[in-house]
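Here's the structure, in structure tokens; my notes come after.
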Amino acid sequence: MDYLKNLRPLHFFYLAALLVLFTLPLYAESGFVTGLMPEGMDGSALLHVMLMIFFFGYLSQSWNISGGFAGQLSLGHAAFFGLGAYTSSLLYVNFGISPWVGMLAGMAVAGTFGLLIGLVSFHYGLKGPFFALVTIAFAEILRLIIQHLAFTGGPMGILIPLMGDSWWEFQFLAKEPYYYIALFMMLISIAVVWVIANSRWGFYFRAIREDEDAAEAIGIDITRYKLLSVTLSAAMTGAAGTFYAQYTQYIVPDDLIIVAFSIEIVLRAIIGGAGTVMGPIVGSFIMTPLGEATRIIFEGGGAGISLVSLLQQEIPAGEKFSQYLDYLAAGGGGGLAIMLYGAVLIVVCIGMPRGVVPWLRRRFGRYA
Amino acid sequence: MSILEAKGVTKIFGGLTAVKEVDFRVEKGEIVGLIGPNGAGKTTFFNMISGFYRPNEGDVLFNGSSIVGLKPSRICKLGMTRTFQIVKPFPELTVLENVMMGSFNHHARSADSRAKAMEVMELLGLAERAGELAGNLPVAGRKRVEVAKALATEPEVMLLDEVMAGLTPAEMHQMIDTVRRIRDTGVTMVIVEHVMPVIMSLCDRIYVLHHGEKIADGTPEEIVSNKSVMEAYLGEDFMIEAEGNA
Amino acid sequence: MLGVYMQSIISGLLIGGVYALIAVGLTLIFGVMKIINFAHGEFLMFGMYFAFFLSTLFGIDPYISAILALPLFLMFGWGIQALLVRPVLGAPDMIQILLTVGISLVLQNLALFFFSADFQSLNLGYSGLTFEFGPARVSYSRLFACVVALSVAGGLYLFLKKTDVGKALRACAEEREGALAVGIDVEKMYKVAFGLGIACVAIAGILMTPFFYTAPTVGVPFTLTAFVVVVLGGLGNIPGALVGGLIVGLVESLGEIMLPVASLKSLGTFIIFILILLLRPQGLFGQKLS
């Protein structure tokens, strides 16, 4: 915590990293860089992966505020994300309001929803797994409602028409602007968390996480600070929803507001180190490329296969088997990336529950 | 007006009356002790005056106003803090960070909070251990962190729950010293203790609980010669024998 | 009109019986080990694939597979507990939950990789058979599923009440320290509990194969439903899970015909869930948590 007393090496590393990240788009297309990447990836794909790293870093960092620091496990953050995405998209598509303004509106909506969930949960003293279950329930309810409302586009979602290539429209033909926006968002989230961590809020959040009774005894209003953490976390998560909507230009409730997405957010924070400033970022830098690389190397798979017809074919068993092996080698039904995520999560929970950052600090603290 | 007062405070759990109509009064600047055999209801009573339990009957007044029903954090903001018998330092945080948790109570800015925390740590002899993790300290150290954390909230009244438990005699002497120094800064204290010599040497007045009721209160000299107190601690048979031999 | 309601009530109760068995497994695991198994539905899914393959490859009927599943999934659960769950028993809640989330991710995607996302269904001779019950039409396979599920749940209940192992499990659930003190091998009991819980949910899945499709993600909604049932009935409470299962099955089924849009049926379930968590978190039959 006493950063002022720390030694230089880590700061140099950060500086160098920032330099590389800021200038990457300039040479992403170059032969040198493309040569370093796995088959099937080009400069544009690299920018996409980096962008996703920043995006998930931002998301996990937002979750970190309430989940990591204040210790309130939310498995429904996808709801805040979806609210942000839908708010800005609806404002944009129906009223032509700039997505930047929409982002602020989305943050307000998401934050309010978070406040509501918090008020309801904390007033009734829900903690730990019960709170987690409530967040899942709220997210599911939200998804069901959005899926069935006409004005949110129902199950088909919202398609954001290509209306231009400008900063005001928050739409670009090239990847570079998105790259920098995502990078800035990630850096801002780090700054926000760093400030919080060193302030009374951060201390109080951690006290709540460690021991609620002890925290109460020294004057910390548990409910108030839990609410603060959840509201802020939700609002920040909402902003990412707008970014996503403008980047992919298509939002669908069944892709967005699902537990699987909430888990992806939480996963990176936990693996990197929940409750630390750089944990979620490190987690994203580790997991996101792993997932993307897996997808690319195994060509994603995802092809369907009718096991019944395969099994009932009139060919010798040996041939059936080798057909099946070919199918697996081509990536099978997909899912290797997520399987990997799950495996890493298990390993971290068992062996390194505090995450990578605290582990690194113990081993290499001298250089920090 | 007493700084802290309990009037007819009662606590019933299910069918069991843990504390029965206890009256209690603390004047500013005093060190008041609360003793009694195991199961006497000391902890329950303590939890009631610190806001962790709500009394079924009776009232608790701090500086003349009732604090029944207030959250412990609100009571702390008003000026009364407690420590826990099973110490609850925040183990993964440093000693300094632990104490800062307390000093943030009246100092919103990190820099001010840190300064106040250092001040308190100096008073309690923890200054050299500022950067150590609280969880790594031995029992005596953790107890001291616990007290420092509470003191940093700048209370008018501090409630110490068996702060001597688990300490060696030498450590106890140090703690007694510490408690006296805290009182000298103007803090009123209520201590729950099992260790008699500590109570006798520290307290201005003592309350004795037995089976949830107050059976005696007075100065240490008065308590030590009080028959019901001796009965409570030693049992009736011993009393009869003692009288026979006297 | 009466016919529609009767149909709905009957379908609701029938599926409720299956929910009951699923929830009984979950509540047993929670009762003994205080762990909320977020991967519960994935074992249901594996049970279904187990029955599917035994049927397609070897022509073994699902009801036979259900019997075979008991020892197999008991061992599977035992192994998972010993290897993955045991190390986190002392860890903070969040880590325990996320461990089971990790297991869920791995199992789901293993199935996805090996079997693809395509829905597989078993078309057995008797799959579509129904009979008339007053104004309603009842499917034999659903009826059997419910009856067998409730029997298994009931059997588990008796097992816990009457056998030594059962009593040891209950001792662990109620008072771990006390159980240790009287010489119960608590570590072993944890494995048994997890194994039994998994076997229950796998069997429940197998019972559904004659009338429900199999896919890697089929377990997810059942996990959520199981949570609702368990909280409704009271964590660790087996009769509660039985009753809760029937109630939730009923609510869902009636919801389907009463809500404006059928696909909103789970909305009713979730709202009940939130209400219970807020107003009576100990469930219908649970003790008030201090």
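Chains here go by letter, A, B and C, matching the order in which they are written, and residues are numbered from 1 within each.
In this text, a contact is a pair of C-beta atoms (placed from the backbone, for glycine too) under 8 Å apart; a residue touches a chain by one contact, two chains touch by 3 or more.
Please read all numbers here as calculations on a predicted model, not as lab measurements.
Colleague: Are the chains arranged, by touching, as a line, ring, star, complete graph, or other?
Modeller: line
Colleague: My parser should flag the chain pair with the most contacts; which pair should that be?
Modeller: That would be the chain pair A-C.
Colleague: Chain A to chain B: how many Å between their CA centres?
Modeller: Using C-alpha averages as centres, the distance is 47 Å.
Colleague: From the C-alpha centre of chain A to that of chain C, how far is it in Å?
Modeller: Once rounded, the distance between the two centres reads 30 Å.
Colleague: Within the complex, which stretch of chain A touches chain B?
Modeller: 1-2, 198-200, 203-204, 206-207, 210-211, 213-222
Colleague: Could you please specify the touching residues of chain B with respect to chain A in the complex?
Modeller: 50, 52, 71-74, 76-77, 81-84, 88-94, 97, 100-102, 104-105, 108-110, 113, 131, 149-150, 152-153
Colleague: Tell me, which parts of chain C touch chain A in their complex?
Modeller: 36, 52, 56-57, 84, 87-88, 91-99, 101-110, 112-118, 120, 216, 220, 224, 227, 231, 261, 263-264, 266-267, 270-271, 273-274, 277-279, 281
Colleague: Can you check the complex and tell me which residues of chain A touch chain C?
Modeller: My answer: residues 67, 71, 73, 75, 120-121, 124, 126, 128-130, 132-134, 136-138, 140-141, 144-145, 147-148, 259, 263, 266-267, 270, 274, 301-308, 311-312, 328, 331-336, 338-339, 341-346, 349-350, 353.
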